[in-house]
Amino acid sequence: MTLSTMLVQLSTGMVKSMGIFFWTLVLSLPLGLFVSFGRMSKNPAIKNIVKIYISVMRGTPLMLQLMIVYYSPFLLFGMNIKSFRFPAIIIGFTINYAAYFAEIFRSGIEAMPVGQYEAAKLLGYSKSQTFVKIILPQVIKHILPSVTNEVITLVKDTSLAFSLAYMEMFTIAKQIVAKQSTFTPFIVAAVFYYVFNFVVAAVMEHLEKKMSYYR
Amino acid sequence: MKILEMNHIRKSFGDLEVIKDISLSVSEGEILSIIGPSGSGKSTILRCATMLETINGGEIIYMGDKAAYTAENGSVVYAKGEKARKINSNFGLVFQNFNLFPHYSVMKNITDAPLHVQKRDKAEVNSQARELLKKMGLLDKADYYPCQLSGGQQQRVSIARALCMNPRILFFDEPTSALDPELTLEILKVIRDLAREHMTMVIVTHEMNFAKEVSNRIIFMEKGVIVEETTPDKMFSSDNERTREFLGKYHDLG
Amino acid sequence: MKKYAALLAAVCLALSVSACGSSSSSTSGSASGSAAGSASASGSEASSSAASSSEGTAERTTFTVGFDAEYPPYGYMDDNGDYTGFDLELAQAVCDMEGWELVKTPVNWDSKDMELSSGSIDCIWNGFTMNGREDQYTFSMPYVDNSQVMVVADNAGIDTLADLADKTVGVQAASAALTLLQDDGEEGQKALADTFAALQEFPDYNSAFVELQAGSIDAVAMDIGVANYQLKTRGEGFKIIEEPLNTEQYAIGFKKGNTELCDIVNKDLKELTDNGTVAQLAEKYEISDLVCLKAE
């Protein structure tokens, strides 16, 4: 296999990896926020259910979660899962990352001084206005470094989709390695992941800078 | 006309009763100072008046509308919805530590609530905000962020923010205690100016001389009760033993 | 900020479309193709099985083969990035006869049973050892005579299975070789495995070979076909211990009880054997001495 063919193959895998990355991010960040509300709920039932959810998601390997998500519709309900592979991967990644993001959101929201809520209340802001206009923007700035950490981890975690034989970059690299009996595809894949993460880190740094106009 | 009436207010934190059956009222144009040692409940009564704390008994009336009252079964009922919003628009509060919104510019801190809560005309709000900033001597800081301002400047912005809502009564919760003496003077000057315009104000403060100078009436609180309530002159020549003792300490310090 | 949001949305959309496009293969196979396939079937046996087939196979337009894309020469990614191999080409030949569209679905070998029983794939066709697994699958006729062998470094002084005592031996996880080495039955080699210092499982052969090369393991157990292929591509330095661990056979594994699909494939294999296609493919992949389907 020529290097250019290898690059083309790995690039198609890279696009798949990026697909997992973007969908997971776009879905898990809002879900994480929602989950963090449940985690901070005054209703003990909701709070405890969410706590268990977060505990399981963080306490078990993502690879196993992916397999459970993918196979359980069949195992539990005998459903045909032929076209469920990609949705299962996105669902698995999303519910896992939402748990981490929920805890990050919670730490950010709980770190907000109570005075911000009081000032907003005195000025007549509704609860949702207070959260969206006053609290959330500050929380986002506050948690951005932790989110960056998770996002960078997510780039690398996309390779776990190999466990469901999804043709992302790592799966393809493994297949080329098997046939070509060389480690080159792994090195190329490592460079691809690094470049991807370099871009991600640059974007996050740019965001941090944009929000550094206040303390 | 009475702007605020608080009758038989009780407030406990757990087993600790911090407000014990306090009644007070504020008339239009009046300036009331509340003084007293730390833990006397003077900040708490302000927080009760501004609905930041819920009372355990008594009633709060703004402009004749009941914001809270004790029902026959003993529980306290608060006004809700539109009525609560109307009542809450009567008052503003200046916090001890400003509580400006750090991600908003000075201008946006002042104009955002009038625009998006009161839904007032943009041009009108902007011109009022600029007017207020001019009065506070901060017109050149309109586009600054709070972190770029001194404590005294931040507190002036927070006063402007409260005033831009056009409240009938403005509460000050120890507005100078987070500031050094020089910056304190800035704030006291602003409050003095407001007094000259007959702004109705309730000021919780440790600045005894200032309270004496600016107030129409002073309340001395201790351990959750009103010890004495009178004019500044009478307060500072009081023959109440506790009042004299308290004011004496300040006198010694001064 | 809006600009960024729009860009992000656009990227996501593009990615999702590409992802969906590739994961769900088209089912453009037509009924006429299927009819042509059964018309070409000959022999009384074949026609009776076709007649008894349920509507499930009558409507079949695709044939989804699950395979391990890391298993040359039977199934792998070729130099052009396409999936090929002896097994996949044979599957293609069956599909051509039946008018099915071949869907090549790489699977994670550890999860092959789940993929099969859940219906994600129609069969496991990838150097799949039938011996010892007869109870779990419906197998086609065997098509390759395989044996499990040990690959060692040729300068290690290991010439017989007995020399492996106190050595560390590598094996692919979930492989037939592993099953064999853990089997304490009459046909099993657990007694031999018990003489090893350790039996180490690897996710793929490449890792095992690198460790063999590095000297951290002393031998790797694997199928003879894979061993031949690996020795050919890796060049000098390795050899196969002549004494095999066992002899066994490859067959196509269908979901237990799916005899109707199995029958169709068996019939086609027979025909492909008789018309020389099998021999031709065996030669192409240099496994002629292993393929056991011989024209009569």
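Labels A, B and C are assigned to the chains in the order they are written; within every chain, residues are numbered from 1.
Here, a residue touches a chain if its C-beta (ideal position, glycine included) is under 8 Å from a C-beta of that chain, and two chains touch if they have at least 3 such contacts.
Being a predicted model, the structure only gives us computed values, none of them experimental.
If the chains shown are joined wherever they touch, the resulting network is a simple chain of contacts running from one end to the other without closing. No other two chains have as many C-beta pairs in contact as A-C. Distance from chain A peaks, on a Cα-centroid basis, for B.
Centre-to-centre separation between chain A and chain C, using Cα means, comes to 34 Å. The mean-CA centres of chain A and chain B are about 46 angstrom from one another, to the nearest whole unit. If you average the Cα atoms of chain B and of chain C, the two centres end up 80 Å apart. Among the residues of chain A, none is found touching two or more other chains. Across the interface of their complex, chain B is touched by residues 113, 115-116, 118-125, 129, 133-134, 137-138, 141, 213-215 of chain A.
Contact residues on chain B toward chain A in their complex (touch as defined above): 50-52, 85, 88-89, 92-93, 95, 97, 99-103, 112-113, 116-118, 145-147, 158, 161-162, 165.
The part of chain C that touches chain A in the complex is made up of residues 8, 11-12, 15-16, 18-20, 22-24, 64, 69-72, 76-81, 105-108, 110-111, 114-115, 117-120, 204-206, 209-210, 230, 233-234.
By the touch criterion stated above, chain A contacts chain C in their complex at residues 1-2, 5-6, 8-9, 12, 15-16, 18-19, 22-23, 26, 67, 71, 74-75, 80-83, 85-86, 162-167, 171-172, 174-181, 183.
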